[in-house]
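Next, two complexes with chain A in common: one pairs it with chain B, the other with chain C.
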Partner chain A sequence: MALQSSTALARRPQSFTQNWSAYAFLTPALIILFLSLLLPAAATVVMSLTDISFLRPTNFVWFDNYVKLVSDGRFRQAVGNTAYYTVGVTLPTMALGLLAAVALNGKLRGRIVFRTIFYLPVLTSLIAAAVVWMYVYEPYSGPINGTLTQLGLPPQPWLQSPNLAMTSLIVMAIWRDFGTAMIIYLAGLQDIPRDIYEAARLDGAKTKDIFFRITVPMLSNVTFYLMIILIVQTFQVFGAIYVMTNGGPLGSTETIVFQMYQTAFGYTEFGYAAAMSTVLFLAILLFSIIGTKIIRRGES
Partner chain B sequence: MPPLARSQGSNEMTFKSNRRQFLFGAAASTLAITAAGGVGRAFAQDQQLVFWSQLAGSKKAAGEALEAAFKTAHPEIALNSSLFAEPSQLNEKILTAINGNTAPDLFIQHWDYTLTYSTGDKLADLKAGLANVNFDDLDGSLLAYGNIGGQQVSVPLYGTSRGLGVNRKYVTEAGLDAEKGPQNWAELREWAKALTKRQESGLLEVAGLSMFHNDLETWEIFTLLLQGAGGTLFNDDLTAPAFGGPEGLAAVNFMFELLHTDKVTDLGFGLGPGGSASPMNQGRAAMIIAGNYSTNNALKAGIEFDVLPIPMKDGGFTSLVDPFSFAVTKASPNQEAALSFVEFALTHEQQVAFALASKNVPVLKAAQQDPAVQADPFLAKFVKTASFAPPKAAAIPAFSRMVTIIARAVQETLFKRVTAEEALKAAEAEVIAVLGR
Partner chain C sequence: MSEIAQTTAPAVPAMSFQQRWWPLAERAIGYGLLIFAALATITPFLWMVSTSFKTDAETFQFPPNFIPNSLVWQNYIDAIAGPDTGRQLINSLVFALGSTASNMVFCALAGYALARMQFKGKNLIFALVVGLLMVPAQSQIVPVFLIVQRIPFAGGNDWLGNGGTGLLNTYWGMILPTAATPFGIFMMRQFFSRIPVEYEESARLDGAKTFTIFWRILLPLARPAMAVLGVLSFQSAWNDFIWPLILTSQREMATLQIGLQLLQSGPDARWNVVMAMATLITLPVIIVFLFAQRYVIDGAVTSGVKG
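Here is the complex of A and B:
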């Protein structure tokens, strides 16, 4: 009873006057957050209702930009490309990250070295990595096609073909991101109580059963968290595409953010680009809300 | 209990007083900083000629020399220049600066961006401003790219021109006459076929003619071939596209035959980090569409590089020029100083000096023919190829968008997704929609 009332007291909101110093300390951060995040986000939504170019006089066009988006073939292609990239990167990255984490969570010899090696791509500059991968994918002298040729297989136009370019970018992104997934899964694995595994082993559970019936379910929150992080990150892919394919060939690697940049700074159609940005924001928000709800349900 | 209550009451009193002071202090500080910053900035800008330059890379030394010479000649003007590595980087900066009323007095940028800025009536008409410059002395082809709606919104410092870049070693080995070069499309096709080297497996070793590896280059080669077939991108008053006619079809079909029938290159050949890794510089291309910028890297890579004019379909030559141009903002507080800089850069002495240092084509016609410029073998060749460029330019504000539309149409044909006719008609319709906005 005493515990209950003290918890209730702790949870009861305290008046502003009682916590003024806390609010005062929070104020600078809130101002920065408001100026750098909330205000631009709100401005973007307002801009999306205009034909703003920063050069000509601006008019409100209300929902014209959104109507145009629906019928814009290039935007639809960018949405499809973004979705393909997101799924293509997120699922394999998580799967590989989990496998690597499980393998390196045990008493494997040299596991620190492996962890470092797997995490190194995350620390590499994206632009430097992109340039190196362009050499890797080089159709005539690159190591991949060199190996294929040695094996008597035909070389492939990795970044030159509209059918292969996006997949090639996905492979590079997986290489770069799976170290992050591995580290997050490793942290999650170390939170799982050892005695659960010991009990399962005493009960005669096999390694496969332990993995699928204990490890995977116990990591479900980590998995959803990671999924949200990766979805948000892959939805916003830009740098590697800008460097490696510039959206080509034939727009096959043009994602929403890349098209947004081109529309805003290439064509000075900032209103239309803002509409793209708002749609992307809503999509990310939706995924985040769904993911958070799933995590909370798992916790409860 | 009473002491606690008093204490709470006392805290509340203190808070009210502190909160008021805190809010007042924060508001006053913000206002003071903003005001001081604004006044300071305005004062600083009033005293300086603010110049945003894109004279980077191979033009960096030439740009620095030009600025140093200006400072010596005009000690009364405080030149404050900022260098931007890429046109796109400068573009982002200028667009946001124009919006925030912090645009520079003067900038030099790739011509198509300048056309975009002109749509908001933000740029001064230089024909009226440059009183000491005789515009008839400047190269008309280069100048045309800054003329929009009768106003000269930008004036080039220099331009690059397009020629047929060739590897002389391969040309000689193939028994072709490197001095004469191909004289028409039929000969160009024979050259490309003769220069192509493939392994037995079909793997391309040397492209006879490496055509493009991005949208801009696709647009460029299409436009060159379109001109070669006697066509133009737009009608005379630039109000409607004209590239979808028989000349445009001839251009795309010629590219299609080179690619799929003669197999002189592969689609996407040359896509890579660029610079020294480009196919010409790696000895993997015998011919390319070259600009002044191609020379240095090719020579550094040890290629026996040469430049020939680009043949038209039935004889004669064609080219494109690509100017980098000065523009002065209308809101500039230092317009006079900005115009002085442009006038200084357009003097014969500075034009020759810049051309020699950067290997680019000067805009001043007399400088193009200066003995020092003509003595530079590559510069002289690019001056020559520039003379084949049409006098009229596709100077429309939506140029960047048009490049993408045309490039995609050509690529869709080359990837065999649609016919050339369908692709060009669809592209024309799209350009009409863009022009109508």
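Here is the complex of A and C:
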């Protein structure tokens, strides 16, 4: 009897009893989210309408900062650099992650070892990775130029040339990120029913056809999800640039967040930096919303 | 075995040479590519370790030796004995453990409330948490800096947050922006939602209070999710660079990550000592990961994707 009534209670979600202790459970987390995300996001928008700085009393300048941004050649270059970096990192990262996941999804011998190796760069701190890659790219004593010289090829100034620096940063970012893509794709592969593959094999489908006709389409939601995460993340690239190139040479690796950091903490022009931040924030938000819509549509 | 294969092979006469050997060749090519990719991935780590054992002179040799001439452990001693290393280790530990502990407590509490309690505004708060998942944290460096600087009554501030340095250059200030994350709350909420409701109902009928139910029944069941949250929080704080960089300016508050960056960019930087330091910083996270691998990968995946 007792058991019956308890399950009856559980199955009746309509009976609404206000639970006041819920607010106590939520308050600490909500205060932190308010201070670290919500208030900053709102403050950014307000600050972007002012000329707030340590240099002078604050005035409202309304949209002056945005007007300035539109005609700011350096900012436009930063937007271009950021877009190049984002596309350059996202697409190869997803392709490599997918290939690694498909290869390691079966009962392959040693797959745990491969998986762990591919995931190691994800665990490495940005600074440790940056320092190691600075050595790898080092023009006069680094291993890449060492190998090139031994093969009789000309050594390259990887991080010191305006033409190569961004590409060098992209290669390092792909190395650091494709493990994440692999793990997410592996999870997606678990959800594809086995019998689809068995049926295809019985029909004599080739590996290539199975990959392009079954695996890739069945993973399209995962692909969109991953693309959003990667784009949002790479759009905000800062640490690697701060450590490895400091925006140079000739501004060729200056990205939006790097320029924002310099504008705020170098020139203490917080208002102008906030305008940059707002533009970045709106771009990311717009992108996330469109992406989420597409995923939702795919699911229904 | 081979005899059986030979006798059964003619039974399937349609198998052409290509059909029989192609799967094997495919496997070989696949393995080859995997091994190549694994070597390419691990090579930077091998160079890191290799360089960390070289003498000063050997680090300038061109082309560099992959296998060092001798194992110079002195580089590790130099890295550890650096004037600020001890201080930086303490700072990193306080920051990482503080951030981990607060994430585990606050995200578990909030996640439980959102999963299991009934209260007004629940849907709104959950929508807010999900919405905040999309806010790019790194683009908020400027306002977060100003907010941490203007926390009332801290660091010589008045009640309006003016006059002092607030929580800048303190552990509290460093931990604050990372102390609870929308991702952590979301993950815990997803996990608690999956625990059968009967556990709580029977305890409630026995007269247990909400907090007792959470503490005695739900939290022990959530151990795997808490482990994932703990490892991910520790990893992200230990590896963090941007918040310590922006929220501290004093040398005494630098973390190991900042220390490594200073060591590398310093006037008398030595590649071998820099690499020894990089190895030492990377090891703890890799060791934690190897122990918790199953939990972490499965947890990150299930909460991140399928949730």
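By our rule, the second predicted complex is superposed on the first by the 267 of 300 C-alpha atoms of A that agree within 3 Å, B and C clash if a C-alpha of one lies under 4 Å from a C-alpha of the other, contacts with A are read in each partner's own complex, and residues count from 1 in each chain.
Keep in mind that, in the parts below, a residue touches a chain if its C-beta (ideal position, glycine included) is under 8 Å from a C-beta of that chain, and two chains touch if they have at least 3 such contacts.
In this text the structure is predicted, and so the values were computed from the model without any measurement.
Overlap between chain B and chain C is detected when the two structures are superposed via chain A. With both structures placed on the common chain, the touch criterion links A:119 to chain C but leaves chain B unconnected.
Once the two complexes are overlaid on the shared chain, A:236 sits against chain C while remaining clear of chain B.
When the two complexes are overlaid on their common chain A, residue A:260 makes contact with chain C while staying clear of chain B. Of the two partner chains, chain B is the only one touched by A:268; chain C is not.
Once the two complexes are laid over each other on the shared chain, residue contacts for A:56 go to chain B alone; chain C is not touched. Here chain B and chain C are compared by how many residues of chain A each touches, and C touches more. In the superposition on chain A, A:92 makes contact with neither chain B nor chain C. When the two structures are aligned on the shared chain, A:80 is found in touch with neither chain B nor chain C. Note on the chain A alignment: of 99-107, 189-197, 243-251 or 423-431, the part of chain B that runs into chain C is 99-107.
On chain A, the surface patch touched by chain B in one complex and by chain C in the other comprises residues 17, 20, 131, 134-135, 138, 140, 149, 265.
Taken in their complex, chain C has these residues touching chain A: 26, 30, 33-34, 37-38, 41-45, 47-48, 51, 59-64, 66, 102, 105-107, 109-110, 112-114, 117-120, 122, 125, 128-129, 132, 134-147, 176-180, 182, 185, 197-198, 201-202, 205, 210-211, 214, 235, 238-239, 241-242, 245-246, 257-258, 260-261, 264-265, 271, 274-275, 278, 281-282, 285-286, 289-290, 293, 297, 300-302, 304-306. Residues 11-12, 15, 18-19, 22, 26, 88, 91-92, 95-96, 98-99, 116-117, 119-120, 122, 201, 203-205, 214-215, 266-269, 271-273, 277, 284, 398, 400-401, 404, 408, 411-412, 415, 417 of chain B are the ones touching chain A in the complex. Chain A contributes residues 2, 6-7, 9-10, 16-23, 25-26, 28-30, 32-33, 35-41, 43-44, 47, 96, 100, 103-104, 113-121, 123-129, 131-136, 138, 140-143, 145-147, 149-150, 175, 183-184, 186-188, 191, 207, 222, 225, 232, 235-236, 238-239, 242-243, 257, 260-261, 264-265, 270, 273-274, 277, 280-281, 284-285, 288 to its touches with chain C in the complex.
Within the complex, the chain A residues that touch chain B are 17, 20, 24, 27, 53-56, 131, 134-135, 138-140, 149, 154-155, 157, 159-162, 245-246, 248-251, 262, 265-268.
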